[in-house]
Each structure stands twice: as structure tokens, then as C-alpha cells.
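The same chain A turns up in both complexes below, where it pairs with chain B and then with chain C.
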Partner chain A sequence: MNVFLLEILPFVAVIFAISLLTALNPILAVLFLIAVFITVSAYLALLGLTFLALSYLIIYVGAIAILFLFVIMMLDIKLAELSSSGEEASKVYPVAFLIGTPFLWTLTGSPLFRGDTLYSWFDLTTLGIAHISDPSALQWTNLFAAFSNIHSLGVCLYTVYPLWLIYAGIILLLAIIGPIILCLDKTSGSTS
Partner chain B sequence: MLFFLLESFIILLPLLGSIAFMTLAERKVMASMQRRVGPNVVGFYGTLQPFADGLKLLLKEAVIPSHANKVIFLVSPFITLSLALMGWAAIPFAKGTALADLSLGVLFLMAVSSLGVYGVLLAGWSANSKYAFLGSLRSSAQLVSYELPLAMVILIIVSITGSLSFLQIVEFQQGVWLIIPLLPLSLVWFIIILAETNRAPFDLPESESELVAGFMVEHSAFPFAFFFLGEYASILIMSVLTSIFFFGGYLIPFGISSSPFLQSFVLGLKSSLVFFFFIWVRATLPRVRFDQLMVLCWCSLLPLGFAFFVLIICTLVAFEATSY
Partner chain C sequence: MLLLSILLFSAVVPLTSVHMSTHVFNRLAILVLLYSSVLAWNMLYLEPIGVGLGIYGGLSHVTLLSQAFDTFILACASIILLLGSGVIPVLGQHGSWFEPIAKGRVAEYPLIILFTTLGMSSLVSSSDLVTLFLSIELQSLALYILATIYRDSEAATSAGLKYFIVGALSSSLILLGSCLLYGLTGVSSFEGVYLLCSMAVANSGIHLALVIIGIALLFKVAAAPFHNWAPDVYDGVPTIVTTWLAIMPKVAILAFLGEFQGFTHLGGVYETAYPIWPNILLVSALLSLVIGGLLGLAQYRIKRLLAYSTISHMGFILLALAIHTQEGIEAYLFYLVQYVLTSINIFFVLLAFGDHPYGSAWDTPSSAGFSLFDNAELPKNSPIRYISHISRNSNIQSNPALALTFAITLFSMAGTPPLLGFFAKLMVLYAAGHAGFFFLVGVAIMASVISAAYYLRVIRVIFFDTPQFTDTPTCRVRPNGNHSMVIGTITLLIILFIANPLPILNCLHLLALSLFYW
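Up next, the complex of A and B:
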């Protein structure tokens, strides 16, 4: 049963993702986005990564997607405008195809780009962790067998990748402060 | 598979029954607080009143507005009810008696309860009516805001007990119930659960004497009954959570050991007392304004939650009292 679901769920997620891109109604698009998140978290839970699955649900579905939905619902959008803009958007598809195909090609490492794939940029040397002698820490998914989910993630983050944790923290901080700075009205001298 | 279904039914059927009697209890208690009689015609002293109400809702016609998005309109009450029922999978009713003793049970319950906002949002939007829509915006703003202090309180309790499993949180309170060291925090928690379940004095989404029924104004008959059931199921789950987090769950005071049957009875008793508190507050306090509600959350409860979090973590570290 589980194996069957593991085979099916990625397909369902891709179908939802395609309907997300093609949906004309923005609210339906956000609903499809939520469906993608839920299928992905179900996939993670079936793989045994329950902590990641639940945090996916709490953070993405429970907080971020609700804010998306909230904002889009309050926008004043006419359905007629939506269908016309949809036709405009479909003219962009060839360009998107032209840009997207080489990107995917590089990403997956096709014969044309062999040796310079996107994946190869992220080897141990560039990540700055080549000096770590303990190979078990690098194969961090193996830790799940030994500890609980949270424990093994914590061991990984705080012993092997602390620098990357701090980088991610700083990026998040910038993402919080940046919009506030952008919204400041310098002319009137007030924050409204 | 069959066994799993049977297990779920063993939990769900009494749950739906207790929801029915909760509505009756609320009407009876409110009536006696306001010197009225309350429902007393159907059955013995009105005990069958909720079933009569349910049957009435079942027999009525479900009106669907002509410009509504029919699928979402009908699915949203279902989402609300099923999410309110899903949380019960992780609740321990006695020692070792839970549908699933998840090691991340608290996280699971938080995930499920944070999804509950979707039922409200989608119901209001899909009805294609301005009243329902504005009601859903108000309601979801309230739910999303109060989720943050709720998560803070849960984080504090998790950091004290050192576990995300309900069973271990309960077993941690063998020595002392957490309400004694965390009395100020429990007051914060009581305010939050009132707001999170849309109860008086924070029942702004459906303030019956001022507005129409808020986000579910267009829902009638059975979809409405689904919302009603979902609302009361979430009130019940909040009562049980309160007794698990602060009143030692199924534990009997003074360390008296007992059979699983008695333990689950004790849990039910504690939850009923918390539910009585819900009714008591509803019959006593007047409704607050929406801006007061938001100021209370963002300017008082959330900073208080953060402050408590830092204080309690520091205390635990200073006395080397962490249980992990």
C-alpha cells in the first residue's frame, strides 16, 4: 500500500503543479499550490521524514499559503480581465520553453553539459565541509535510523552545518527587514 | 485495514455523541445562569433535544446560492469537520490508549489545527456573498493571529517536558500538575483557546446579536450542521488539550494508580470542567471589539508569550533542570 502510494503521490503532485500554472482563477491557483504542498508532505511522511512533513504543513500550508489566499481574496479582480490576461500569458509559452529547456538540461546533467552540471557545483569542497572526517554525518539520512527525526536533524545542523544554518538565518532576517525598509515613506517622515 | 476502521469508529462515535450532549449542556447551563429553564420538552428533561435539532437540520433543504462555487461551497464544511476530528488520533485517553501514540503528536495536532482556517476562508469565499466573505476574513484573521501565542504556550510546555509526545507530557506531570508552576501562563492559555475556538467574548465571526452568522451565512441545513459539529469538536479538543497540558491529563492526583477505564473517566471529568469554563465565560462576559481583540493578541499575549519562553528556558538552564 505504502509503496503504491509512494509511486502515485509524485505524479499527483506534478498534476496539481501543472493545474496551478494553468488555472485562470488566482484563488484556484493558490488552492492547487496548497494541494501540491499537502501531497509533498504526505510523500515525506510516507518516507519516514515525519518531522519535515509536519513542519511543511505547519509553515507552508498553515501560514504562508493562508497569507497568499488572504491577500489574493482581498484584491479586486474581474474574471473577464483574468481570461484575457490568460490569453496574453499563453503567448509567452514558447519563450518560457526556450529558457526552461536549457536550464532543466543543465540541472539534470545532459550529455551536452557534462562536467558542468548544476549539481557538480555543490560538491563537498564548495560547500566547505570536505575537511569533515566523519562520513556518517554527511550521509545524514542514515541518522534517521539511529535517532528520532528531530534529534538527527539537530545533530546534523548544529555539528556539521552550523555555518549554513547561520547563513540561512541571516537571509531570513534580511527578508524580514527588507520589506519594512522598502515600505518606509521617506518623504512624509512617518512610517505609515 | 478493517481493524483500523473499527478503532477509528470506537473513537468517533462517542465523540459525536459527546458533541451532541455538549450543545445540550451549554443550553442548560446558560439557561440556569440566566434563570431560565432551557430545553425541557424532548425526551427526559430535554436530553434528546440535540438529536431532534440534528434531525431537523437533516430534513431541511440545503440551499446553494446560484453564483456560488458549488464544489468548494460543499467541500469547505467537510474540511472543517474532518480536520476537527483528525486531531483526536493523537490524544491519549488513558496510559497507552491512543489511536496513534505519535512521537510528534503535539506537532501533528498543531498542523491539523492550523489547517482548520481553510474551511473558514473557503466557505466565505465560495458563497460569493459580501457578508460571508467579510465574515470569513474577520474569522481567519482572528484564527491566524491567535495561533502564534498558542504555539508559544505549547513550545514552553514542550521545552519543560522535553517531549512532543502527549503520553510523555502527561507522564511528566506525575509529581506536580503543570498548572502550579505555570499558573500565569495557564491564564494566557485560557484566553487563547477562547479566541481560537471563536467563543464568547471573542465570538466576533458570528456575533449573533450584531451580525448574521459570519462566514457560514449562506450555508444551510446539513453543510451548516457540519460547521456546527466541527466548531464543537474543536472546543472539545481544546478542553482535552487544556487538561493534558495543565491538569495532568488522565492522571489521578496524589499518584494513585488506577485502571485505564478510571483514567479515561478522569480525563473526561477534567475536560468537562474546562468546557464548563467555556460556558461560564460565555454567560458572563460581554463581547470585545475587533480592534481590541487584535491589540490583545499582538500587543499583550504574544510579547507575554515570548517573555515567558525566554524566562522559562533560562530558568531551566540555570537550574540544569532540562529533561533532555
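Up next, the complex of A and C:
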């Protein structure tokens, strides 16, 4: 079942992405964007990268995409203008194709680029310190105990690095207070 | 203590700001800062501090230097907060005109100040790249809010936005550099960096990471190739906030730089495996000296001029940092202390000029579209913006003592012999010459001579120019008690340093020794 889902989900994501590009209504487009994020995060969760999946859900879907949605809904744009701008946008597709294809090509590794995939640029072996973090050397530890991503991150964060958590908390407190200070209009809406 | 008081303040400010006067908060914040400064001072005498002590599992550390900087930063913060307490009674007396401010955001000002001070003191004692990033974020996020806190002024808002964008850029650069370092080596603590630096073989990826982190930190202190935002931001925001922006974050980051390169042995041109680090500092120092000296000549707005003078001071400090001999560190510490004191004094005097009965240090809403010869607004509204304003406000009859103080402080910044600034420059140049940087010494001397020209121009405007705006009645400038106390004390310190230089020098000498020989 999982394997089947892993096969299917990328295709669903790609279909959503294409419909995101072709959607004329911006609200629909943002909804498709959210759908792309959700499918990708499901894909990541199935791969076992639970933390990444959750952060996709919380940050992209929960905050950014919803923010986009609100902003677009608040902007008062006529639908006729939108459809005309959509037609203009469709002229960009060839350019997007031209830019996108080499990227895909390098990502998957083509003979055109002498076998250099994009991944290999970030490969540690080319930077000369492969022995420090060779992934194959670590895999036997999984035989003893396998934690999920979130579990191990949480254990780390709360036992070794609680100071950072506290700092992040203070920054968030400031981030809550700051906008209130900047936006509060005391002259009009007095509580007393 | 700081954290506790922040929590208390954030609970108390919204609850009681309707009933309580705003300067109660200000005074409380001053007391809090002073008390935490005393606490930090108390820590100085603990024996293990000298060796350096990792706290919170090695995520941050306490050394003699960090504690000394902590004490200094907190004390300076409380002095600068006095500015706010000086202004608020003025707001009270002339209530109607200042209504939007008096009702508005002054109550939150000390709260934000406490936040950024917390960020600074954790920055000074951070010993991990993530701690570094988090504390810089805490500090600068509060500063962005501080810059835009007077949101009715278009200039302040745009300056705040600019500050925000540049700050976000440099923060992301820090993140990028830390990511590279961590990705390449799996090391994020400074001890790990120290181990890397003491290896004989240098790695180009680590070079890149160090360059990126260094550039980001130079962005934050507005050193020369990355200085463009500083004059605009300083000019746009209200002068009280400028005082804070121009002094405190720079001290914190420079303190961190000194501590960082001392701790990880990155400093020094000859010893380290990564000479790229002192080289960045040297290049930046050279450019800061030249740009700060030359571009300051063309300024006619006083805060822009001070911004360029700040850049040229940054050049001296970075030069002293890059040398990283024991003399160099001593010179760097002394220059930093001197720079902070003289800048505080300059801004206090500047605000006192603007403080005459109908004026205030805060900008007026109309200051955005305020052209040089548009003096219709001038009688009421006198935050000092142009150099020519000073001659109107403070010509020598109106308050001779204040004008004299301003002149003395400017002379000290220019580096005229018997004053404090001269000795700072002398120490930096002496250390640089001793380490063999003769070209940079020459450039620094030239730059300081050139920059003396624009300080002297301001002095000429004060004492010799006829006032431009003779139609307005000159009213006597009377700074209030706190202001004049601070101005007087610092000015006396500047003048009388030569009489008894040993206490400061010995203290800094010991600090510099502790960085090298403990």
C-alpha cells in the first residue's frame, strides 16, 4: 500500500502543480498550491521524514499559503482583468519550459553535463571530507533502535539544547508584542 | 534578571499604561538595567570566570571579557534610557502638541529596549553558531521595532523598513555561513571552530563559510563596503532611536567579534590557518576609513554626518581587531569604550539642542517633507536635522556651555591631542605600526585628518556662522537635569582623562591579557 502511494503521490503533486499554473482564478491557484504542499508533505511522511512533512504542513500550508489566500481575497481584482492577465501569462510557458528543462536534466543526470547531477555538487565526497559523514557507515545503528525523526529531534532539543528553545520562545514573544505595539491605535479604541 | 523584568513588563505595560505615567516605566527599566549591570559586575570577581566557563551545556560561555562587556553594555543602556526619561516630562508639559506620542508608544519603548539588551548580553556570551544567530535575531528584531516605533513619520517608517530588509539579508547570510560550516564539518560550537583553526590544513569550504559569516557581521556594524544603509537609517529615525541604533548593537557585535576571534584563535595574520578572517577585517577597515573620511565631507544633515563619522570610527576599531596582538586588543577595547562615551555625549547634546520649550526630540509628522529652506515649520518643531540648524538654536549666546561641550566632544572625535579620542587613535595606530601595517597607519592618519575637517565645519557653524533664521526669536536652550548631568560627566571624563588615565588603561590591559594568557 505504502509503495503504491509513494508511486501515486508524485503524479498527483505534478498534476496539482500543472493545474496551479493553468488556473485563471488566483484563489483557485492558491488552493492548488496548498494541495501541492499537502501531497508533498504526505509523500515525505511516507518516506519517514516526519519532521520535514510536519513543518511543510505547519509553515507552508498553515501560515504562508493561508496568508496568500487572505491577501488575494482582500485584493479587489476584477475577474475580467484576471483572465486577460492569465492569457498573457500563458505566453511565458515556453520560456518556463526552456528554463525548467535543463534544471530537470541536471537534476537527473544527463550525458550532456558529463554526468554531473545537481546532487553531486552538494556531495560531500567532492568537497574532500566524505569520511566524516558517510551515510553508509551509520546504518547499523538502525538495527538496535529506530526512532522517528520527531522523536530524536525532540529528545535532542529538550535535553541538550533547551537554551535555544528558550531563546526562540523569547523571540516569538517579541514577535507577538512587536506588531501589537506597531499597530495598536490607542487614540481611537480606548478600553477604559 | 533581564528576562524576568521583560516578562513582568510585558504583563504590566498593557494592563496599567492607562493609569500609570509612562516615565515610571522608563525609570523602572533604568533601574533594572543598572541592577543587572551590577550583577554582571559582581560576577567579574569569581575565580573560574577567568578561565572561561561554558554554561547551558556549552551553548554559551562566560569569560572575563564577556562579563566586562556585559557590565559595560548594560550600564550604557541605562544611560541612554535616561534620554527617554528626559523627554517624557517635556511631553507632559506641552501635552496638546505631543498628544499622539504621549498616548502612544512611549510606554513600550523601555520594554523593547529590554528585549534588545537581552539579545545583546546573550550575544556577547554566545559560544555556538546557533546561539549567535538566535541572539542576533532577538537583538535586531527588537531594533526593527524600535526603528519604526514612531510610525506616524514617513521617514522613520521607510528607514525602519530599510533597516529591516538589510538586517534580514545579513541574518540570512549568517545562517548560510553557519549551514556551510556545519554541513562541511559537523561542527557548530566555537570550540569546534577553534579545533578547525588550529589544524594545519585549510579547507576552501570553511574559508567560504568564514567569509560569509564575517561579511554578515560587518553588515550589522555598517563597516565600509556594507555601510550604505546606515546614513539613511540613522537620518530617518527619531534621534532618540538613532542614539540607540548607532551605539548599542555595534558595541555588542564588535564585542562578540573580539571575543569570537580571541576564543577561536581566528585572529592574527600570521598564526592562524585561516588568514582570510583578519584579511576581511583589514580590507573593511581600509574602506571604512576612506569612505567614512571622504563622504562625510559632503553631508549637510547632521545625523548623516554622524553616521559617516561612525563608519570611520568602525575603520579604526576593525583595524585594531584585525591586528590581534595584545596591544591591538587593548587599543580595540579602549577605542570601543571611548567611541561609546563620545557618541552618547554627542547625541545627548544634539537632543538637548532640540529641547527648547516648544520642541522635542521626536520628529513631527511633517518632517518627512521637510526641505532645507522651508522654515515655516521651524519655530515649533526643532529636532535638529541640518547642520545649519545648530547655529540657529545654539549660537553661543543661547547656551554657551552646551555649545562648548559639543565642540569639545567633536574635537575628541576628531582626535585633537589632550582629549580622550586622541589617545584612542594613538593606541590603535601605535599597535598597527608595531605589527607592521604601515600602509594602513598612513591611510588611517590621512582619513582622520580629512574627517577632522568636517568636525571642524560643524564647530565653525556653531561658533562663527551668523544664524540663518534670524526671524525666529531665539529662546534659551535648557536641557533638563538628567541630561545635563550625563553631558557634564562625560565631557569631564573626555577632558580629564589625561590627568589620570591609569584606572581605565589598567582595567583594559588586564582584560586584554586575560584574552591571551589564561
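Going forward, the second predicted complex is superposed on the first by the 126 of 192 C-alpha atoms of A that agree within 3 Å, B and C clash if a C-alpha of one lies under 4 Å from a C-alpha of the other, contacts with A are read in each partner's own complex, and residues count from 1 in each chain.
Here is the rule we use: a contact is a pair of C-beta atoms (placed from the backbone, for glycine too) under 8 Å apart; a residue touches a chain by one contact, two chains touch by 3 or more.
The structure displayed is predicted, hence computed values, not measured ones.
Enquirer: What's your read, chain B or chain C touching more residues of chain A?
Expert: Per-residue touch count on chain A favours C.
Enquirer: Kindly classify A:34 by the partners it touches after superposition: chain B alone (first), chain C alone (second), both, or neither?
Expert: First partner only, chain B.
Enquirer: Give one of first, second, both or neither to describe whether A:93 is in contact with chain B, with chain C, with both, or with none.
Expert: The answer is neither, since A:93 touches no partner chain.
Enquirer: Return first, second, both or neither, reflecting whether A:148 touches chain B, chain C, both chains, or no partner chain.
Expert: first
Enquirer: Which partner does A:11 contact after superposing on A: first (chain B), second (chain C), both, neither?
Expert: neither
Enquirer: Can A:103 be said to touch chain B (first), chain C (second), both, or neither?
Expert: A:103: touches no partner chain.
Enquirer: So, does A:177 touch the first partner chain B, the second partner chain C, both, or neither?
Expert: After superposing on A, A:177 lies in contact with chain C but is clear of chain B.
Enquirer: First (chain B), second (chain C), both or neither: which does A:158 touch?
Expert: neither
Enquirer: Do chain B and chain C touch any of the same residues on chain A, and if so, which?
Expert: Correct list for chain A: none, the interfaces share no residue.
Enquirer: In their complex, what parts of chain B are in touch with chain A?
Expert: By the definition above, chain B touches chain A via 72, 102-104, 107-108, 110-111, 114-115, 117-118, 121-122, 125, 133, 137, 140-141, 144, 147, 164.
Enquirer: In their complex, what parts of chain C are in touch with chain A?
Expert: Answer in residue numbers: 3, 6, 10, 18, 56-57, 59-60, 99-100, 103-105, 108, 111-112, 115, 118, 122, 130-131, 134-135, 137-138, 141-142, 144-145, 148-149, 151, 184-186, 203, 205.
Enquirer: Residues of chain A touching chain B in their complex?
Expert: Interface residues on chain A, with respect to chain B: 27, 31, 34, 50-51, 54-55, 57-58, 61-63, 66-67, 69-70, 73-74, 148-150.
Enquirer: Chain C touches which residues of chain A in the complex?
Expert: Spelled out, the residues of chain A in touch with chain C are 124, 127-129, 132-133, 160-164, 167-168, 170-171, 173-175, 177-178, 181-182, 186-187, 190-192.
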